[in-house]
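For reference, the structures are reproduced in the following blocks.
Common to both upcoming complexes is chain A, partnered first by chain B, then by chain C.
Entry: the complex of A and B
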């Protein structure tokens, strides 16, 4: 099982690709609503991409209220 | 369809529906591509009655309050029916609120029973803000894992008494049916007290324009605690033998699939989702090769011409076959609500032959006040008053715009435990909406701004500035206050609303980067849709009452003298 740090890095790099950002432009504590200026729907689209990548299912309730990459990575990690 | 004039309560109407429509399908629940549950009306009753009996055995009786905090799923509606059978008052809460907000409202509503999902309960039970003085006696949680620590709750699935039938408790039309929080989780919760009559009357009015019948499938996406989904995603379809489809995820790809898989007839959306749908469709159209695009544009123009007087669904479905097929081919209308929708979005869908039932309403008025009757479709208005709604424009300015007041049997009886706010809001039986508008010659209502200090987001969330101030408590400044920018500087607009933080710095204090960062950090503790957009510096003492409360109206009037564009410093 990958370490949380690796999962976090993978989440960040996928989010950068998804939103066409330069590599390294996002960090674990970034608030994705604020940093990316996205709405809740766009977050759901990112989640689908993350699910496909990690081959997991993240129920909507697991990510309810989550707004930073670090917590998001933790939720993913718990399902790997 | 049931004749609702004959019923005295939601529970009595649902009871008849369960008996009369026994073999019709009433609920389908799907999780992603998997169908989890499919119930007939008779089966729905058989799920609810043992729960109602068990609640009664545990001491739940007439007029007791029970709260539901759940995502949209069949157990939501089963639980609500059980509560109504037992003569209870339903307190539906938004599952997206924080545990602190949930505890505040559970305490305020004096709920005796809480029915929720295990992940939500896990957070509530662990929350440091758990209220110690609630009236809560029974907590039921759904779908808890086998060895989960239930923290004093019972499993919903096991909380049943199948040995005895519940005693159906009769309620009168004027009795309280639901307490619905229109907002206000901060200092002043606004719990709208809705009677059975409010719902019965609203249901008759709405279904006269947008009817349900057996075979109709409504896709329930808006949270069921919201007045719109409660009406068109539960009570409305159930009184007409129709079927409600629940999805356990709102990922766009599964929502899209649900339209075609379940041949959806109606769906309700908030403007944000509708706009997103528009964006998706538009980019697909833009990708069409030039030749195909030309043909497509002609078909749209043809559809537009033929549907100008009223919708012609059969024709639109033939002309624009692929677009309609993507929505399952059976979609009759998209109901949009919760916030103001921009006319060009409404027109976009109507031109494709998909009517959008846009309207205007507020929880206090029992959901909808006006709705577009599609005779003809008008994207530039919020429609005409529903049958039974009296609407007047009070104190109009020279241009005819004034405050919208409503009188109807659907208007709430007041705010729970707040006679002062009730008296300010309902005057001689008329509900003051706080929204500004005017009627045109055809009797359509045009909205043009707000008189009250609040905003409504595109996601349909009502935000009262005073409710988010707690996050800025003890900010190192002399004093602060949050406002809706359009309240301070009235603007004839229903879109682009913003919240601002007005700050009075201490003597010799500067707005340093450190202070700005502090504000930014606190702001990010708020859910994204509740965040402030900018700071406003004010150099005088805030006007206050004798008890030192900020006089918001007076302060707003003084802030209004500043130039809006220069005064707001973006965060």
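Entry: the complex of A and C
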């Protein structure tokens, strides 16, 4: 199982790539709703991309209320 | 009528294949306008059936196939009515949408849903009446109705039970969570996975394949393998209308209508 730091980095890289941001422009403690300006449909799309990338299922209720990349990575880590 | 463009949808018949396209912002929600045009479509499809092999159902909105019933319209229409009259208004809508979906479920041609993006609630119920679901790999499926104090009302539970294992049905229904297309395919909800943006093209390729078979044989095979569960569908309407009279439902609808958060479909 990868370390949490690696998972966090993968989440950041995936978000940067998907939203066409420069590598390194996102940080673990960033609020992704504010930083990426995403709406409910884009949130679902990001959820699908994360699930497909990590080959996991991440139920909506587990990420409800989560807004920073670090906590999101922790939720993913618990499913790896 | 071989082609039609309305306020909420359009259809076009070509070489034995109908393409029915939902197209109403923001996410092809099924309200009274969509319902009236779906009824118009069914009337036309009955006429076109003898010369039709397949029907592809798709959504033109970028957000997805269909986000379900138009809950904003339902809330605003219901709040204007006395509480004792609300269930009757809903029952009338349900009777009409069930008639549309029951006909599509048993249509004498092959129906193929080309799903992308959001396929929630009534949108999933529309996809479930189709014989084959082709899904973009970014599509998501959910029955979030319990957050409103309701069950799916457009035939969702009987058709899910008909098609899928009960363990997955309970998970989907009782948690209200959404599942991705890969998972939906693994449990048998989705028949074919498509790359991003390719679901409609793959649905049409599937439709072209079914045109090669004898119409009577195709219809007999479909009738044999896909019974319409009329009794359970009637029961669903009764349960839905019973639940709809509870104050929790209007509170849930109000909360949804006013929600601006990233997951308005979650409680």
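In the analysis below, the second predicted complex is superposed on the first by the 80 of 80 C-alpha atoms of A that agree within 3 Å, B and C clash if a C-alpha of one lies under 4 Å from a C-alpha of the other, contacts with A are read in each partner's own complex, and residues count from 1 in each chain.
In this text, a residue touches a chain if its C-beta (ideal position, glycine included) is under 8 Å from a C-beta of that chain, and two chains touch if they have at least 3 such contacts.
Keep in mind that what you see is a predicted model, and the values were worked out from it rather than measured.
**Student:** Would you check which partner chain A:33 touches, where first means chain B only, second means chain C only, and both and neither mean what they say?
**Tutor:** both
**Student:** After the superposition on A, what does A:61 contact: first (chain B), second (chain C), both or neither?
**Tutor:** both
**Student:** Considering only the touch criterion stated at the top, classify A:11 as touching first (chain B), second (chain C), both, or neither.
**Tutor:** Neither chain B nor chain C is touched by A:11.
**Student:** Give one of first, second, both or neither to describe whether A:49 is in contact with chain B, with chain C, with both, or with none.
**Tutor:** The answer is second: A:49 touches chain C but not chain B.
**Student:** When the two structures are overlaid on chain A, which partner does A:72 contact: first (chain B), second (chain C), both, or neither?
**Tutor:** A:72 contacts neither chain B nor chain C.
**Student:** Thinking of the overlay built on chain A, is A:41 touched by chain B (first), by chain C (second), by both, or by neither?
**Tutor:** Touch partners of A:41: chain B and chain C.
**Student:** I'd like to check the shared interface: which positions of chain A are touched by both chain B and chain C across the two complexes?
**Tutor:** 33, 39-41, 44-45, 47-48, 57, 59-61, 64
**Student:** Any idea which chain A residues touch chain C in the complex?
**Tutor:** Against chain C, the touching part of chain A is residues 33, 38-41, 43-45, 47-49, 51-52, 57, 59-61, 64.
**Student:** For the complex, give me every residue of chain B touching chain A.
**Tutor:** Touching chain A from chain B are residues 32, 71, 95-96, 98, 117, 119-120, 248-253, 272-273, 276, 458-459, 524, 527-529, 531.
**Student:** In their shared complex, at which residues does chain A touch chain B?
**Tutor:** Contact set of chain A toward chain B: 31, 33-34, 39-41, 44-45, 47-48, 57, 59-62, 64-65, 67.
**Student:** Which stretch or stretches of chain C touch chain A in the complex?
**Tutor:** That would be residues 27, 63-64, 117-118, 137-140, 142, 175-183, 261-266 of chain C.
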